[in-house]
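The structure's right below; bear with me while I get my questions together.
Chains: A, B, C and D, in written order; residue numbering restarts at 1 for each.
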Amino acid sequence: MAKLKSFINVFKQESIWISIISIFLGLLIGAIVMLVGGYEPILAYQSMIEKIVGNPYDIGETIRSIMPLILTGLAVAIAFRGGMFNIGVEGQIVMGSIGALLVGHFLELPPILHTLFAIVVGAIFGGLWGMLVAWLKTSRGINEVVTCIMLNWSALYISHIVVRMFMMEEGTARSKLIQDSASIEMPFLIQWFDGARIHWGFIITMLLLVGYSFYMNKTKWGYELRAVGSSKHAAHYAGISVNKTIHRTFFISGMMGGLVGTFEILGVFKYLAIAPTTSGLGFDGIAVALLGMNTAIGILLAAALFGALMYGSQGMSFGADVPGEVIRMVVSIIIFFAAAPGMLRVLFQLRRSTRRKEVSARGNDSVSH
Amino acid sequence: MEMIAFLINGTFVFATALIFAALGGLITERAGVINLGLEGFMVSGAFTAGVVTYYAEQAGMAGAAPWIGFLAAPIFTLLFALLHAIASVRFKANQVISGIVVNMLAASSTFFFVKLLFDGAAETPLLQNVFSKVSIPVLSELPFVGVAFFSLYPVTYIAIALAIIIYFIMYRTPLGLRLRAVGEHPGSADTAGVRVNRLRFLAVLAGGMIASLGGATVTLTMNSSFTFHTISGQGFIALAAVIFGRWHPIGAFGAALFFGVAQAVKDQIQVIEAAKHIPNEIFYLLPYVLTLVVLIFTSKKSSSPAALGVPYEPGKR
Amino acid sequence: MTAQHDIVLELKGLTKRFPGIVANDSIDLQLRKGEILALLGENGAGKSTLMNMVFGLYQPDEGEIWINGQPVSMDTPSKAIELGIGMVHQHFKLVPPFTVTENIVLGMETKKGLALDLKSSVQRIQELSDRYNLNIKPHAVVDTISVGMQQRVEIMKILYRGADILIFDEPTAVLTPQEITELLAILKGLAAEGKSIIIITHKLKEIMEIADRCTVIRRGKVIDTLQVATASPEALAERMVGRNVSLHVDKEPATPGERLVEVKDLHVKDASGQDMLRGVSFDIRAGEIVGIAGVDGNGQSELIEALTGMMKVDSGSIRMNGAEMANLSPRVVSESGVGHIPQDRHKHGLVLDFTVSENSVLKSYYNSPMSKLGILQENNIRKEAERFIESYDIRTPGTEVLARSLSGGNQQKIIIAREIEANPKFLIAAQPTRGLDVGAISFVHKQLIAERDAGKAVLLVSFELDEILDVADRILVIFNGQIVGETTPSATNEQKLGLMMAGKLGGESSNG
Amino acid sequence: KNKETDPAAGGSAPKSDLKVGLVTDLGSVNDKSFNQSAWEGLQKLRDEKGVSVKYMEPKKDAEIIPNLNQFVKGGYDLTWATGFTMMDPVKQIAGENPNAKLAIIDAEVKAPNVASVLFQEHEGSFLVGVIAGLTTKTNKLGFVGGLELPVIKRFEVGFRAGVEAVNPEAAKNLKVIYTADFSRVDKGKSAASTIYEGGADIIFHASGMTGNGVFNEAKERKQRGENVWVIGVDMDQSLTFGDDITLTSMIKRVDNAVIEISKQLEGDKFPAGKTTYMGLKENGVDIAPTSKKNVAPEVLEKVEEFRTKIINGEITVPSE
């Protein structure tokens, strides 16, 4: 009962309104930009929505593009809660895909076992790559931001080396394929969604989302993580091993990144391509985590918004010839307003005049911490 | 010997853009505001330089065109810097996310503008007038140092001068004292009569504008046009240089040079006969691994401005 | 009544609200030229808030501030500085990596051409330092100087700016007796020169010593303004809390039991490799309170951190019940029955962004009944917090509010409850009453004595000689990383202790 | 803006019911390279035949399949995919939609409803190698590649063989740098600078936009009075970078291939399941028509000689 009440209260919160208004303003400004550019905003948004939910295939693909954003969002969020900044998810994704690929390609195992093993190895590769950051931070005092940036590029070129040396597919720019026994496709859902690439990663991601919230709020490790995140000194005083917690946190964070790569290999591509840059999903994860205020539900919603808009932007360019950049502009404007709620409050107060001054003034203070 | 002189020259060429961007990042961060938007400021600068120089060429400015483009970059970038300043200083938004917004918005909007301005094209028209290396009379004739130091792009000299100027401002002027105080302990600065948020606001603007010169440099010395990929990751490398250089102007300058040398070495080694059998990727890895190795052997405790990332609110407990 | 022109600062109906609380409720107050006015009130009464409004850090919701007969709008500290107001804040406002000079000139720099001209500033600082006997080293980095010197730097900042109205918010809370004496002398001198001073302090003795008048604030309202010359400390305390408080610590003589803690030849180096403890030896029996007296920076923090496992011990031994404790982790130390009320409650004692309940279990969260199989048992945790709130009279809106939002006194009570309720064999209390009002202080002292009477060993580290003399059964004096003497409250007094702390007088060693 | 994809907008254009779509490689239809060339082919088709044409530009690998599906499920008669990255997606979509027709450039997809087009880049590269070998004054040459991939390797190998055939010493002094990127102009410039500094006077690049940097470096050196050249790739790059630095270009007639194969849709001659090789013989690769501006007539004669030999099969140009 109390739970239900608190759930309803969430929707009474100002932050929900802030988000709704931000989305509205983002789309509005996007429309204005389109008008100025000589495009048709209504047609564009129509095509976008059609692309997002128009048919089972597109719904499925929208879901598929949301999944990695949830995971990278979680990866960034868990580090943030521990007082660290993981801008190395990009690299952890790459390492995860290397791990999954090696297992998926070289090992011969019975189907389910093969899949599970590949997932575990992919996650561990990502996790260890993340833990390297933590180790350099705790043992050598190197700021994780630098380490992450360097390790992102390093991971990319390591993937080139691995693919080229051990499993280059003749005449192509990619590795050989994983074996079918390692695939995580969900044939029944794929059929349901008319061929969209839905895979078991979907289920795992959802579980992780719940697991994140549980871990963070209900477990002693989560307690330690948050303690270290808010005050290293107090955590030390309390007998929490700060370094161990940092390592553990970065390991889990890196595992989330590793899983993104793993799922892309086992469920979407089946191979690893030699690419000149990393995917960018890790950077999008920063925006997702912060927009979602590092909470599970927030990350889910932010990733859904983000992923759906991005996927829908392809429909916009097909149906209304609007360049996809417009949607990225819309997304960044949404984040901008959502991240600086004070700005909306200023606009808000102007419009609502003095009628509810007292209420908004209180709201003003309650979020100032 | 000649090769080393050439390597030094190449180092400066590569490092120039990073020096500008790192100095911009440094000013912002010393004032206590995280600047993850360096990439976006560089994009904006690269874009502006490309577009403005092109139109200046069309207007018949010829050799003056790149200078006009170069100077226009910070002016246009003020828009994005304002965004970062308003969100993170005025409205206390999370500084990381505010920087990410700058990156996203700068990238998407400039590409969109390019498409609008140039009829759907993916890049600005190729510029006919860009910076070319200037050989300083007499000095550039000297053996070794002539090639190494006195035959560089004009903007390289500007970058070096800027590093020195910023060092002077930071450590020898009242403004610098206040700037550092605001980043270390804003509460003290405030009670000493320094307008903390105003100074931070200005620092974000100045930082963005200076960083944009880095982007303009890429367009006007390397690319001769602006496209999707003109800036892809240099802003983050510049951020790394700020941290690597311990938030000190000369340190950041040195770190930028270090990245420059690592890049320049990478090409040089590839053409050596003996290196034929080493996979190229090893060379690509070089700059990043080298940086980590150097950090491992030089690292001491963190020296970030103490209040970095913390919005200043006088009433907050 | 004084003549109108004599009033340099007047507050008329100042009101300040924070979410859920009226911190200042229509406050009227007058400050006369050349006087020292004391502000007295419980923790959270609203003293700092009021002064922060005068200094332009907070904006009043209602009311006016008048300076020299003119209403002013005090919107920023720079405005206040311009109007001749200077303030020394409860928490120092110094930039740690800057030098003393840089800190002083910040915001009022002199230039030579474009460049900063520190040389002429150093000269001026030196002059002022000599004139007011502040004994400041202009080139020292603030990070490395003692708290007392930092306090004097704060005063210098005000003088350097030529302020006429000086506000001191609990300036003596962190000073040693000697430093306090020096500071009070300086304040008197300043008042004699015609500067007008407001001082906030919880120490009635100081008010009696230097203030002309004392304004008492209770729950955001002015209760009374008394002429100090005709008032007694008891009267002040009574006005402050609204009931009688005893200013004395009542305790029975100790009945020490067996030897519980033995420290032998302890050596500790700090992070920079400097020797901080140089062969410290002592022991504590069950059922006694041992006080450590000493000037800040003589090794107290290192001693505590070594005893609690927070810092590495270089050599020597720490035994509890005969078992070696040196270089064990803080977790193991606390599990062996060592409780620790830390010196810095904000830095160590609490996770400020955790709730009251989360802070209540900061040292027990990982064990049954607070967690089972790695999962936190929220009900048990909340119940524990409720128990603490109940039995320690912690004033909080609930168990799920952030510790940050509580007043300092109540934050301290959470820590004390947590550490005492863990039922330690050995309790270390470091500066347990720093910044607390008289009511809260007496509460804490009672708790410590109750622990002693329950047969625990208690180590009390304090810079307050009063506290040491009132509460401890035995006193050790620490100086320069060594125990330089031992005595008992009855065998010594403040003067003697003060000399020992300065390393000038050996104590009578009863058990060397 | 390429908004007028509907032939009806053109007014008097001929009318056809055919709809042809194009999914570009990661990049853009304005890349001054083969995506653009393919799109130009389709536009020509629209103007000539009144076919409806449309393109999509995926921004991420994961978007390729949905974009292909947009056309395939949208009932397009033919869907083009340009670039080797499209190989697996095309294969998958072709399998899932046996009734749809697809065509791919730069990769071979063995499926009954896919037409594959492979260009014999090594043959064209051989010819520019001949030009370079005969034109160099320093007997030192350079090659700048993007990512070290089989397609790009074909350019390098063919080029080397061409140089070898006419100037073995220069072939020995061929410096090769791979920049690991097709879009970073600055890396191209730095690579070119290193090679020119080592004494080479002609660089052939196969590195997409990264190659712009090679041109920029050459231009800068030319202005300083150095006599350096660049050999362009894919399209006639002298049109973009000027013929004062562009010696010649190895062009790939993607547009021709697109037009030819698309036309075969009519009358059911579409080469589904077949691979079309576009070499010298098929006019798929060639040197730029503007080459005579900078290349000496006797060199061009030599080029023609080799062209005939390659077409006759007297010479087989290696490709790896």
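One rule holds in what follows: a residue touches a chain if its C-beta (ideal position, glycine included) is under 8 Å from a C-beta of that chain, and two chains touch if they have at least 3 such contacts.
According to UniProt, the chain labels map to these proteins: A, B = ABC transporter permease; C = ABC transporter ATP-binding protein.
Fair warning: this is a prediction, and the values are worked out from it, not measured in the lab.
Common neighbours of subunit A and subunit C (chains touching each): B.
Distance from the centre of subunit C peaks at D, each centre being the average of the chain's Cα atoms. Look at where the CA atoms of subunit B average out and do the same for subunit D: the two points lie 35 Å apart.
Centroid to centroid, with C-alpha atoms defining each point, subunit B and subunit C lie 46 Å apart.
Subunit C and subunit D, compared by their mean Cα positions, are separated by 76 Å. Contact of a single residue of subunit B with at least two other chains is seen at positions 115, 232, 281, 284, 315. In subunit C, the residues that touch at least two other chains are 404.
The set of subunit D residues touching two or more other chains comprises 1-2, 148, 180-181, 183-184. Working note: touching chain pairs come out as A-B, A-C, A-D, B-C, B-D. Contacts from subunit B toward subunit D in the complex involve residues 6, 10, 13-14, 115, 119-123, 126, 130, 132-133, 218, 222-225, 227-230, 232, 263-264, 267-268, 270-271, 280-281, 284. On the subunit D side of its complex with subunit B, the touching residues are 1-2, 27-31, 148, 175-178, 180-181, 183-186, 189-191, 193-195, 197-198, 209, 212-213, 216, 219-220, 223-224, 240-241.
Remark: subunit A residues 217-223, 226-227, 230-231, 233-241, 362, 365-366, 369 touch subunit C in the complex. Here subunit A touches subunit D in the complex through residues 38, 57-58, 61, 64-65, 157, 160, 164, 170-174, 195, 197, 264, 268-271, 273-277, 279-280, 311, 314, 317-318, 321, 324, going by the rule given at the top. Subunit B makes touch with subunit A in their complex at residues 83, 86-88, 90-94, 96-98, 100-101, 103-105, 107-109, 111-112, 115-116, 232-233, 236-237, 239-240, 243-244, 279, 281-282, 284-285, 287-289, 291-292, 295-296, 299-302, 304, 313, 315-316.
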